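As written, the chains take the letters A, B, C and D, and residue 1 is the first residue of each chain.
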């Protein structure tokens, strides 16, 4: 019934078999709802094992819910949230951060999806000026919307700069697994050990059915978070079914295997099409995304063969994503399609 | 690992086997995310078959998300939403309706969970008065928080009254299946045919893993709803996994079988404990809830045997819920516990 | 051009001559905007002289702005604000507290406009329950919407109860002057010394042209308040013109003279009509309001002679307010009108 | 008591004598509050005489209140508001538009404060994409934050472009009088006749004590506006005192005389300092603002002589504003100060 694998988005994939098994296993008998159950307790232990003893995890439904609830917990309505201009929170959440938290996003220019302390600095001139939203949080996306990654030094530099000015650091880790796989470091290295105060840790794009995790490292944020989560409509009644997925995800390196595989397939795709006439790769391929500029007249014919999104209508930059279940054969077939269609357009 | 069945809440139960099968079946290959997939299309057809050709269904994550997004679509921030004082939206959503929509809830007194046109009428004196929130929506809970049901005539009377005054009608149907089973009518009879403009249709309390459905019958609400849903953080990427559950739920009367069974078990429980000395049933048992007053000193010992919630701390009114998978044996065992513990307290 | 004096509202009156003089005096040359000017500094000193050295005053535009900004500073969006069911913030601010602060109002039943610790207590059962708005502030109106006053003991009892449970106390003092005049106590006695943490201190109803004052006694609220005020759209550029009015108001007891006079006129009106057949006084007359039930058919003819508002459409309870400039002759004339019109209706 | 005239801001000035007289005149007797009075009716006629028969005016307190209430009336929370990056609504309202309306601002790059259809166009790619705030309003500032003006053709071009794409046009006219004076056109030419749907019309910066006007030309926005204004805490009880000021302002060209004088003084200042070594004018001087880059070490010494604001800390760009009451002598004295201080710095 469903079509074959595409490169439109990593959330076009399904659920990893080990996650599906965990869901089936969790479906036994009754347990208390809203998180006071043994499966959730076990998953919380897995998070502490992964991120350290000060990691407080709260499960939510999706990436927007994770970002908005985490950011809501970190600020008041007169605060501003510094983000990359291309950040998901800024362009792909339909204004949920502003609507729900009341806070203003303060976008700064990015290069290949990344921002820097130098880019953030001008926003801090508003500190103490009663007419302006007061910068309070810097949010970073790791891996970025362009599939690039911040190095550990990059993150540490931004976190130090933020903390030196009294700001907190949030990380949108919808694809944190892919970034950690790319950097060859642990999930803790890339977040709490690099100075992150609160993390949106994604799983759906890497083999889960639903659910994301907000991981708070700043203990002052923990006490209020249950209310923030509920008010953000992110409290699941049958919590065990999110917890069980994450427990499987953190067990035996499933997150890492999935991410490594997806990253490798993106590199393979990039290498396979790099020399196609009329195609230009526009971003370093560091995780599971390939960004390319192609001729405008190639877009529709290629989409008909295998759907994908145009990222920038003005420049005809397109995005191709690989998933945990993308195979070398899928890549070969798509690369051949690209070569064909672009060949016909020249 | 998980404990035995309890009467604390219908969301302490797990997932119905036919729903679990549907989830497994849906996990095949890739498909476009966010609802543009064949499983979602098929589930939408099932909703039109069930609720009529003008039913526009949008899947969301949970009951609070369904209520808040539906209500947000129906009003602007200066509008007021008339509800029962005991409504879930008023007392159990941590202020999400106010925070997210900006609108004020206008609670009116209820009897056994139900409100009436007479109770609503005084709120309408504020219409046209610039200092007051302008009543715009009446929201009804069916079945109510006390497990009672509005008759079709009750709903029609409130809907007519609301429409006559230019208001819209929302129904919180987290337990609509139980209400329809109790009334012996169809899901359409109890909602769109009785004058409801927008419905939160629940499934999680009756055998689903996650997901609720917002069903819009007023077509003027449809165009904007995708943005409202997204801003309410209720748009699931892998939509097929909510859709597949609902399709199973609406197929071969699964919703009805589950609801009938739960309702029957609540009646059985009520009948089994009605004569226990010291226990007083406080509400008609019409669906899957039993409300009773018990001696304060019986609460803790009984909770130790099988956990449940105290509904009203002042009067020691407690709530016992049955689920789709509650069996006569479960009821017998719990009734015996009640009889035992209350006997010891006298 | 303008009509004669009415009893519709104390804000139908104009500006006291001494306030008008202060405005004229303030209109000399340039000074820095937004509050960093010598007139504002002088008014701030007058507030510290009146309310004590820990009184931090911030000028705003109106009563709704004062309430909403003060309450916004005291809570986060998942908090609840306990108030009387009849409170201005609950019924006469068009949902501004909910829309702007995102918080839920938690109304409790009132008698003659007053609430009690006993009435507040049931709301506290929700403390610590993640599904419910967390009570954080109790707001009292002094004088109440019904013109009655809380005694110093009443206020202290509520403040102690609130503080014992970790809640803060806000006072809506749109008519604080009238209450202090009625109780024969100082403005400090009735607020900060009775346990109030934040005060909306009104002036417009008692002789000012525009402007209210938020007075913060809890110093932890002070640092953020400039941003809250700005975001609440309550920061006036030419601040000196609010400051100058309040300085005049607090000088030589102008606030007290005005309030005493208005209160005396309300007592005179009540005494003058108490025996009119068909009229029933419905509330103790403690400040500058008279509430009465009159025959429904008398309302329109009496409004034609002198406009006033029907407070409760169901019971035909009406409200008559006196102002700082109401004279005994005004009262006599209106009392005669009442006697006439009600006489004709019998 | 107050210092001499400065060039820090046009709201450092006081109240024009004819406005003060109007306030004194309005202070006679009682009248109904909240706008149902003869002075307000007369001011409304003056607005229709000025802006045409379809001009619906609502008085509010300040510029932020005018912008936020007007924008709130024009959109829903999932809508986006396109504005210049430097717009007051974007940088100087402490996030009030986002907090109160829930909507996202979509800033576009500006040159000398102005935006163009070409700059707006890329934001429209998001129309119909459920993940993004839906552009609904374009807001223009006239005169801009840099004192420049849009020509009538500029405005018309943007308005046509906006309307062609289903968007509405708002104008922030805090300094509309200065712009009209600069263009030599009427207030109607520059707003309603150029395609503006809703206008924030300022007066405080040009001789009023307090109060701004929201003028709605799109009649579909009118019915709900009273509730929006109230919820935005912008409804003044003693409305006559705002109305009287605006009536005086629109009578016998007071707005125009004041604006012309302020504009002339800015030109005089620019001409007087244009040749000062080390000073560079950074923007065309079209209304009552002069922007200049000066040596960093000159800022403090010059501020000590006469306070002003640094507009851009990075580039040491400063802003000097003239007021309705600035005289040639004031300009000479300040120009001499500039020449002196900059001379000492070289």
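Just so we're on the same page, a residue touches a chain if its C-beta (ideal position, glycine included) is under 8 Å from a C-beta of that chain, and two chains touch if they have at least 3 such contacts.
As the structure is a computational prediction, the values presented were derived from the model and not from experiment.
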| request: If every step must land on a chain the current one touches, say how few steps get you from chain B to chain D. | output: 1
| message | Using the contact definition given at the top, which chains are in touch with both chain A and chain C? | response | B, D
| remark: Check: interface with higher C-beta contact count, A-B vs A-D, is A-B
| request: Write down the chain pair in A-C, C-D or B-C that repeats the interface of B-D; the criterion is over half of the contact pairs matching by residue number. | output: A-C
| request: Let me have the rounded angstrom distance from the C-alpha centre of chain A over to the C-alpha centre of chain D, please. | output: 41
| field | chain A and chain B: spacing of chain centres that average the CA atoms, whole Å | value | 33
| message | Give the residues of chain B touching no fewer than two other chains, as numbers and ranges. | response | 77-78, 93-95, 99, 102, 130-131, 133, 227, 230-231, 235
| note | The residues of chain D that touch chain A in their complex are 77-78, 80, 91-95, 98-99, 102-105, 107, 122, 125-126, 130-133, 313-314
| task | Mind listing the chain D positions that touch chain B in their complex? | result | 34, 72, 76-78, 101-102, 130-131, 133-134, 224, 226-231, 235
| message | Can you tell me which positions in chain B touch chain A when the two form their complex? | response | 1-6, 8-9, 11-15, 20, 23-24, 26-33, 37-39, 61-62, 64-65, 68, 93-96, 99-100, 204-205, 209-210, 227, 230-238, 240-241, 307, 323
